[in-house]
Amino acid sequence: MSDIILETDGLTKEFRGFIAVNNVTLRVRRHSIHALIGPNGAGKTTCFNLLTKFLIPSRGKISYNGRDITATKPADIARLGLVRSFQISAVFPHLSVLENVRVALQRKRGDSFDFWRSQSVLEIYNDRALELIEWVGLTEYANTVAVELPYGRKRALEIATTLALEPEMMLLDEPTAGMGHEDVGRIAALIKRVAQGRTVLMVEHNLSVVADLSDTITVLARGEVLAEGDYATVSKNPDVVQAYMGAGHG
Amino acid sequence: MPDIFGIPPQALFGQLLLGLINGAFYALLSLGLAVIFGLLNIINFTHGAQYMMGAFVAWMLLNWLGVGYWWALLIVPVTVGLTGILIERTMLHRLYKLDHLYGLLLTFGIALIIQGVFRNQFGSSGLPYGIPAQLRGGTDLGFMFMPNYRGWVVVVSLVVCLATWFVIEKTKLGSYLRAATENPALVQSFGINVPRMITLTYGFGVGLAAFTGVLAAPIYQVSPLMGADLIIIVFAVVVIGGMGSIMGSILTGFGLGIIEGLTKVFYPEASSTVIFVIMVIVLLIKPAGLFGRAR
Amino acid sequence: MAEAMLSVSGLNAWYGESHILHGVDFQVREGEVVTLLGRNGAGKTTTMKSVMGIVGSRKGSVKFKGTETISLPSYAIARQGIAFCPEERGIFASLDVKENLLLPPAVAEGGLSVETIFELFPNLKERLASQGTKLSGGEQQMLAIGRILRTGAKLLLLDEPTEGLAPVIVQQIGRTIRRLKNEGFTILLVEQNFRFAATVADRHYVMEHGRVVDEIANDALEANMEKLHEYLGV
Amino acid sequence: MSGEPAQASNETGMPRHQRLILGALVAALIVLPYILYPVFLMKVLCFALFACAFNLLIGYVGLLSFGHALFFGWAAYVSAHSAKVWGWPPEFAILGGAATAFVLGIAVGALAIRRQGIYFAMITLALAQMAFFFALQAPFTGGEDGIQAVPRRPLFGFIDISNDTTFYYVVLTVFLAGFALIYRIVHSPFGQVLKAIRENEPRTISLGYRVNHYKLLAFVLSASLAGLAGSTKVFVTQLASLTDVQWQMSGEVVLMTLVGGLGTMFGPVVGAFFVITMQTYLATMGEWVLVIQGVIFVIVVLSFRRGIVGEIAAWWKSRNGA
Amino acid sequence: QTNVKIGVLSDMSSLYTDLAGAGSVLAARMAADDFGAAAKGIRVEFVSADHQNKADVGSNIARQWYDRDGVDMIVDVPNSGVALAVNGVTREKNKVFLVSGAATSALTGEQCSPNTVHWTYDTWALANGTGKAIVQTGGDTWFFLTADYAFGHQLEADTTNVVKAMGGRVLGGVRAPLNTNDFSSFLLQAQSSRAKIIGLANAGGDTVNSIKQAAEFGIVRRGQSLAGLLVFLTDVHGLGLETAQGLIMTEAFYWDQSDASRAFAKRFAAANKGIHPTMVHAGVYSSVTHYLKAIEATKSAADGKAVVEKMKATPTDDPLFGKGEIRKDGRKIHDMYLFEVKKPSESKGAWDYYKTRATIPAAQAFRPLNEGKCPLVGG
């Protein structure tokens, strides 16, 4: 098995003559946490959207586990084990926490087109669901309707749901954006935990989280890769300091 | 001149022109729907009934008060628009926070009421409304005899459509409208009186429907049923065009009128379904509609 | 000491059935920069929205320059000279960047000129003709702030203005806020990044569960670090 | 758009109170033909099934179809034609009608689920209108005249259904079977995914569900059941006509469901009873029926959005909760 | 004492309201009064309902009336589809159905019934009357504008037969969907066919719209003529003489034909918002009168078949239609008339619309008995 799980080759996205992502070559190592940072408008989100197929690349190739996924559909990407999280909390608001997780576990049955069967067949997933819920620290909320959860807990639930799919690789878009300090800490710890045995690629502006979590950092600027390396290397790069971190962080 | 697809060119041009006239009605009605949808996010099912009311109020003005066509063009949109404002103030505005489908259901109910009342009052056999004296007669265009009134309808609807487009896309007021479409609370917090804008917009859209009704009165019978089926066709026009742009609904309206006209030449039996068939094709190729933004 | 420009007392607010604010009290004096701190869901945003009058319903008292605004519709409140920059930015997709920037009508003299705004945020100038929501997250944030600086409103409500911005830009925003303060603007700020807040603010209010529970002057911040950590769970 | 989110019960069976209501309902339905005019009751049952089928889409998937008359009406035509012209026995004719609706459901559904919300409603309405024009022009439907005097041949060759009371019990059986199927669909693993889609579609996609397949299957099921209702109705009134495919019919089924309670199990049944009763007893008032229907629409939308059953359930809950 | 309950089933709200509707109820009541039913020991009760032009509504009402409300006879029923439905129910329940409003000749053809009498007119009579007369006066090339459904097709086919039999030619035709708003493109085609006569094989609003728009496009002025194959007095009223002038049509009755009809019209209009009686109203009056005569003779309304047999056995005679008879197939036979709509200058006042072009004698007005394929005829 190769050491690289996700790889892009000359990835480019143009919007009506404006090049948002330019010839980006990215290699994400298996079982690592890889962060994508860069100034505003650098093309991070666009890059992400290309990887998860919410946008179609103008040029370039994406391969996942050695398989070309440049033309694969979003739902199929998820089936391959590459799952993204959403910026704003992506839970099923009127389902309970348990049911939220179960919907994801239910995917294991393959397609659930069996409308003639009672839903009690889903109860076999309860144990596993509760296990995951415990893992993200939501046990006391298991029967709460998701809409009533506080913000940070919703993110935790979302991560539990994502984990239920047993993804090989997770893509997280600004996972701590808009969070209070307490929650930032909790989510960062959670990411660290779930990253064990998996690969995580994330976009993040919170430098302390980035510094704390990531094994590798790729800095994008004006659509191109500006620097790459671990936090220590990257944060000393004068181009990065000038374009992104500013004087305060040298 | 040689025949085109076995149809003499005279007839073909004639049909194209007639299609354009029908298209004028589609365009005006779908424009009104688009304007209302834009700001209220409601598909105004009452639109057909309000179009019918336009024609009826013109008829009443003429037969009860002796007020003629030209004044009706002015008075009717205002009066019917006012009834629209009343509907908005008393009912629609309570639904904005809910799913948009409730707006559809409410306006559907109101349409039933209006139609029912008019049918009870006037029966449904249709009432005549004469063509205004200044526009009687017609012009021989060589390939066809063009009634002056229909020419007037095309011209006036083009003017109204383009003026509406200009106001919405190119003026400051238009930018308020477009912004309020997306996030009324925020626009309001900038110091703009959004509720009044919404009310007036609904009034304007309804007025547009009524105006179309006045235009239609001398061509068709004034009848309580005149809007009911038309509105479904206009819905199809809207789906084809997509609710993305004002220009989109204008172009689609006229374009489909022409296509329908051509169908009447080549395969008249299909003329009532051709728009729906086009809708199916468009949905297959471009689900968001020709001018729509994907949602 | 300047008189209170904004004075909020006993403010209650609801979203539909849910009661969010339970009697908020605080004051902002003319020329001050004041922040609201608090955990997620403490009601900071709701407080700002209540001042603007764009919550479900509200009760209590919100006085602006001595005028009671609690029963005014929000457009009338804005016209008194208050401007609000929402945390979700509220950039309009159907307007291009320029139209977005020019959208809010001027409510008073003395707003910044468009040139000044471009100086602050050069990214915007480059992308003037593109559709508002096609901007990147951070660029949208710049647009949202730039937009209300034009209006001449003297009281600015900024809800998490640094969220999603690169550190360089955050520093830039900090400089801008200090400059606005010098030009006589009054600013109420909601910030999660409290290290940033400390660099610009005069005073801080701490919110919890829909109430203001504490007030800390900026120079007393060091002394109160312990307490603050408890409030914010840092 | 949903009234009350369906009870998130984790237990296997129906909740107790629902089982009680169902028991009472069935008991009432069994004795009613001795009290009320059976033809009227059969109509109510057919429309109740129709409304339940419609409710499956709006109440549990959040899709408002404004063109369900298409399935009801075309199933009716096929059922009537096969019974009258080809001489099929009623059981085959009814299944043939439902099968037609199934096929149409695939075609219409595949198109309509490409859009959501209001657009979905408009597309279904437009497609139904197109089908209406086909029905108007196709020779086999009899145009304005419809297909009349559909014979009630013996069911399965030996049950004499020309007697209204006997036939009533057949219709009752069909209705209960359809109702049970809908209950099962809603409370199946499939139903669980539908719920997820209604709650948050992008998230469901990102979990790897091909949501369009789910929506399509739900649409087809709903269409087929609507077809079953339509083809059964043919043997009640012994007639298939344009009324069955007209857009007003689509509006009526919306009204029934709305009045009874969107997204409630029993709402559509109550709604159908209410609307059909009203139509039957107000028939002499002509167009005023339309006006009254419109007024009911307006009132329900403005102040009773939960519908009769939904309001009762909410009242019950608040009473027991307090 | 004999009790009869008469149900007037009509269109009370839609496109046929004016030509039938409440006027039909009125006509039926007038018939009972004029007959002096009470004095003759017959207690007549009336019910009425709106069939909304829906066959299912109509047959449901009929069924309920017969099953539960004790109705013995249903009269009027404009709209062929509804009439056919009621025809079936009536036969099943052995009651009586007197059709005045509906057009389809199937009621006395393949679907004829021992319980039904088709009173006023039918598609065959319309085609025959109008078609023949027009070809005779030189209108020998035709183009049809046909409503695209069974009724229109039938009317077109019947008229085509007549035109061809008379040596005329049909140059073409176009089928417009029912309830078309805009006939202009169809009219344009009719125009380019250069046929002398444009035959309008449609009804109600479609006819009115096509006539109106023909005027707008100057079709009549450019030398072509319109033939409305089914036009009622109330349609002409709706069109106005300016537009309708010169139109030729076949009808069974016109209010200004005799002293008796004028007297009837005066009483009728006074009670009916001024709307003068159409041939449908007259048919209701005349058929109810004849029905009551039969009841007087049979003394019971219970057996519908027997009552109809009695009606067929008795020659008809009433102030509006004069003398006539009911054939074995249920067809009421009387004279038909070819009318022409007056010019505005010829009209002496409100509702003075028609002048008589020809009288079609009863013997030639309707489809010969043996051509209808009515099963009752064979035996």
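Order as written gives the chain letters A, B, C, D and E; numbering starts at 1 within each chain.
Basically, a contact is a pair of C-beta atoms (placed from the backbone, for glycine too) under 8 Å apart; a residue touches a chain by one contact, two chains touch by 3 or more.
The structure displayed is predicted, hence computed values, not measured ones.
Identification of common neighbours of subunit B and subunit C yields an empty set. Most remote chain with respect to subunit B, judged by CA-atom centres, is A. Ranking B-D and A-C by contacting C-beta pairs places B-D first. In this assembly, the C-alpha centroid of subunit C lies 77 Å from the C-alpha centroid of subunit E. Averaged C-alpha coordinates put the centre of subunit B at 37 Å from the centre of subunit E. Annotation: 43 Å between the Cα-based centres of subunit A and subunit D. Looking at subunit B, residues 119-120, 229, 269, 272 sit in touch with two or more other chains.
Here the touching chains pair up as A-C, A-D, B-C, B-D, B-E, D-E. Against subunit E, the residues of subunit B that register as touching in their complex are 8, 10-11, 14-15, 18-19, 21-22, 119-120, 123-128, 131, 138, 144-145, 147, 149-150, 219-221, 223, 225-226, 229-230, 261, 264-265, 268-269, 271-272. Residues 175-176, 178-179, 181-183, 185-195 of subunit B are the ones that touch subunit C when the two sit in their complex. By the touch criterion stated above, subunit E contacts subunit B in their complex at residues 13-19, 21, 148, 174-177, 179-182, 184-186, 188-189, 192, 204-205, 208-209, 212-213, 216-218, 222, 234-235, 238-240, 243.
Listed in rising order, the residues of subunit C touching subunit B in the complex are 52-54, 73-79, 83-84, 86, 90, 92-95, 99-100, 102-105, 107, 148, 151.
Interface residues of subunit D, counted against subunit A in their complex, comprise 5, 8, 10-12, 181, 184-185, 187-193, 195-196, 199-200, 202-211, 213-214, 217, 221.
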